Every structure is written in structure tokens, then in C-alpha cells.
Amino acid sequence: MIEERLAELGIELPPAPAPVAAYVPVRLGAGLAFVAGQIPDGGKLHPGHLGAEVTVEQGREAARVCALQALSALRAALGSLDRVRGILKVDVFVASAPGFTEQPQVANGASDVLVEIFGEAGQHARAAVGVAELPLGACVEVALTAEVA
Amino acid sequence: MIEERLAELGIELPPAPAPVAAYVPVRLGAGLAFVAGQIPDGGKLHPGHLGAEVTVEQGREAARVCALQALSALRAALGSLDRVRGILKVDVFVASAPGFTEQPQVANGASDVLVEIFGEAGQHARAAVGVAELPLGACVEVALTAEVA
Amino acid sequence: MIEERLAELGIELPPAPAPVAAYVPVRLGAGLAFVAGQIPDGGKLHPGHLGAEVTVEQGREAARVCALQALSALRAALGSLDRVRGILKVDVFVASAPGFTEQPQVANGASDVLVEIFGEAGQHARAAVGVAELPLGACVEVALTAEVA
């Protein structure tokens, strides 16, 4: 059903991120799936800091791509996104220049697409904070926790 | 019983935070409740950075208010705080000016009130870190994970 | 078995961190163990910021020590590390000077030792971000979530 919903929405998931070193993209346990922090397109999509070289609209787009990468990783780990019962928590870290306080608007890029795809099951708790620096100069990093069947 | 304990302590919970956009204040799943990151009074209580315009005492008060807001959100989601088996994890993000390293003292504002209210069941693991910026210029953001019946 | 593996590897866990104030080193619930954020040797090992006074190699060593402290806390809470079914999620916060974007290399210090000790069960999802400041001037803070029997 979720695969059909993706098709309806015209959303094609990006390639699942490759396992990097000692950590894995998705870890299952205790009825949960923990998805590793995603940076958009290896950090290459809109690199930099919000409030400096990256606009809110670009940050929102980057957060959306991170969320889709997370789903791609989930699909690879579970076989099908239909095994996802719900998205429980989303953590959004926004690389922020001094004085930038619109982290929620950036994080909505991730939240909105999750609800678009999963409907009510995609509604999640969220923390969005502004950090100093992110891996490879990325503007945003998104990690998520899902409940799985 | 927790409601009686709140009355004994003379603590009145603040209004439950309104759902914002695509995310929700509390998400339940896998026996857990994830409470979204709370900023104190919409960021209006002691805005700014610790180590600059906000004192440790003010930060601690703000963290306490965040924890109470989180409980208010939990009560709204669960019907009653008596369904909370325990507070498992608290994440405290402190807006920190260069050189400010007393994040634990600030975070104690949240931790102390949780233990005051829940007793042993309120004892939790915690991470406290100093971030660059927080939504709406808040000085602190507190997210928590609880076990629920 | 994990105790034997530690002996094989010649790894001696550091003393379990003392409970501090209102929070506890480890909290169990819902089949999970949440381990509080660890700073290396009370912040005294390689204090400062990556990209300034702390090298990547020093940061990696500090992250490794944090992971070992977390295991020490887990052992103290569970009686034995053999009750750990797996490490699910590791959160690594790296104190980062402007322009430092090698948080993953630092975080590998924690990830590598967890896999060294637990093998496949030690493979985890991870988030690594660069923060402004950490408690007591520590260069890195590591929190983890495990599945327990």
C-alpha cells in the first residue's frame, strides 16, 4: 500500500545509502527500527549553514531528501515499507549560523513528506535543533525511529 | 496517584502545547511515548544563550518548564499521567555561547522536577549538550521518552 | 561470552560512571536500555574542540573511551554484558570549531569498539553531529540505546 502511495504521489525514493564503516543504515530491535542520521545526497545538496549560504527553502528541500533517504534505507532493511507501522520520532539537526532560529521550518521538509506518504501513521514527535557543524558540510541531518511489524 | 502528587507539590502543569504543523506533541508505539522537543513558553521564557544573556538559574527554570510542558502533553495524549510507567530518557539541548560548559546544571531543572513528581520511576538516562541555536531563540529544548502502560 | 571477548581483546572497561544528581547512568524499560551521554574521563581526556585544539585521532580515542564507559555502566546495571542483545543506536555529539566536518571519523572511535566487542550484534544506527559546547569542556559525548534480554 505504501508503495502504491509513493507511486500516486510520484515520489521515487533515492538509492538507499550505503553502509558506512562500523555503523549500519538501519537497526531493528524491540519492535523498533532506528534509522541512522541522513545527510542529503552525501552532503552535496545545499551544503553550508542556514542563516548564511543556505536559504530556508533550500534547507526544507534538503530535509525532505533526508527523509526520503531514510525511507529508502528502511525499505532496503525491511523488504517493504508496508512493514512500517508508524514513524515515532524524527530528530532534525540544522547547521545554523548565529541568529538563525527557524529550525522548525526546515524540519517541516522532512515531517511533511512523511505524513504525505504514511498519513496518520506518519505523524511523529520531533526535535529540531541548530548545531554548529554537520558531517561533510551538510546543511541538515535527519534521524528517525519507526515502529515495525 | 501522580495527579495527587502534583497537587501535593503544588505544581500545576502548563497548557499542553498545541500540535504544530506535521508533527505531533506525543507519539505512542512499542510501549513507549516519544514527546516532541519542548521550548519554554514558545521560546519566550528567558530567550538567548547560556553564557551570554541567560544565567544558569534562568536556564534551569526554563528546563523545568519544558519538562512540565512535556508532562502536560503526555497527560493530554494518555488521559492520565498514571499510565506513565517511567521516564526513560531525557534529551536536553542548551543554546550555548562559546565557553559555556554547564549544560548539566541547566538540564537538572528538567531532571529534578521529573524525579520530584514520579519518584524512582522518574529517574532517567540523559544527554545534555550545548547547541548553536534553538527554535524561536529559545535557551533550552527538552525532549523525552517514557514507558507507558 | 562478552566478558571473555573483552579479555580476548585485552580491553578492561573503565569504572562505571557515578550516578550524577537526578539522572542515572542507565535506565531500563520496554526491552531497551538507555545509557546516559558519556563524556571521556569526566571531560578530562582531550578537552576542547575538534578543528581547534583536539585532533581527529584524539577525538576518536575519546569517543572510544566514552563507548567503553557506556558499556561499563551497562554492565553495572545489568549484572553482565551477556544480557545485551544488541546495540541499536549511538548518538555522538562532537564539540566542533567552525569548519570542522569530520564528525563521522571521530564517531568511528565509538562504533568500531562496539563492533569489535559485540560483533554483528554491535552494529548500530548512528547520528553524529557537531555541537557548540559540551559539559565540562569535553570534546565528545556519546549516548547509546541497547536491546536487552
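Note that the chains take the letters A, B and C in the order they are written out, and that residue 1 is the start of every chain.
We take it that contacts are C-beta pairs under 8 Å (C-beta built on N, C-alpha and C of every residue); 3 or more make two chains touch, one makes a residue touch a chain.
Being a predicted model, the structure only gives us computed values, none of them experimental.
Chemist: Can you report the angle of the rotation that maps chain A onto chain B, using C-alpha atoms only, to the nearest 5 degrees?
Modeler: Superposing chain A on chain B takes a rotation of 120 degrees, nearest 5.
Chemist: Looking at chain B with chain C, do both copies bring the same residues to the contact (over half shared) or different ones?
Modeler: different
Chemist: Per the centroid of Cα atoms for each chain, what is the distance between chain B and chain C, given in Å?
Modeler: Comparing mean C-alpha positions, chain C is 24 Å from chain B.
Chemist: Can you list the residues of chain B that touch 2 or more other chains?
Modeler: Residue numbers touching two or more other chains: 30-32, 131-132, 145.
Chemist: Which of the residues in chain B end up touching chain C in this complex?
Modeler: Within the complex, chain B contacts chain C at residues 30-32, 51, 85-90, 96, 98-104, 107-108, 111-112, 114-115, 123-132, 145, 147.
Chemist: Looking at the complex, which residues from chain C come into contact with chain B?
Modeler: 20-27, 29-32, 34-37, 43, 91, 93, 131-138, 141, 143, 145
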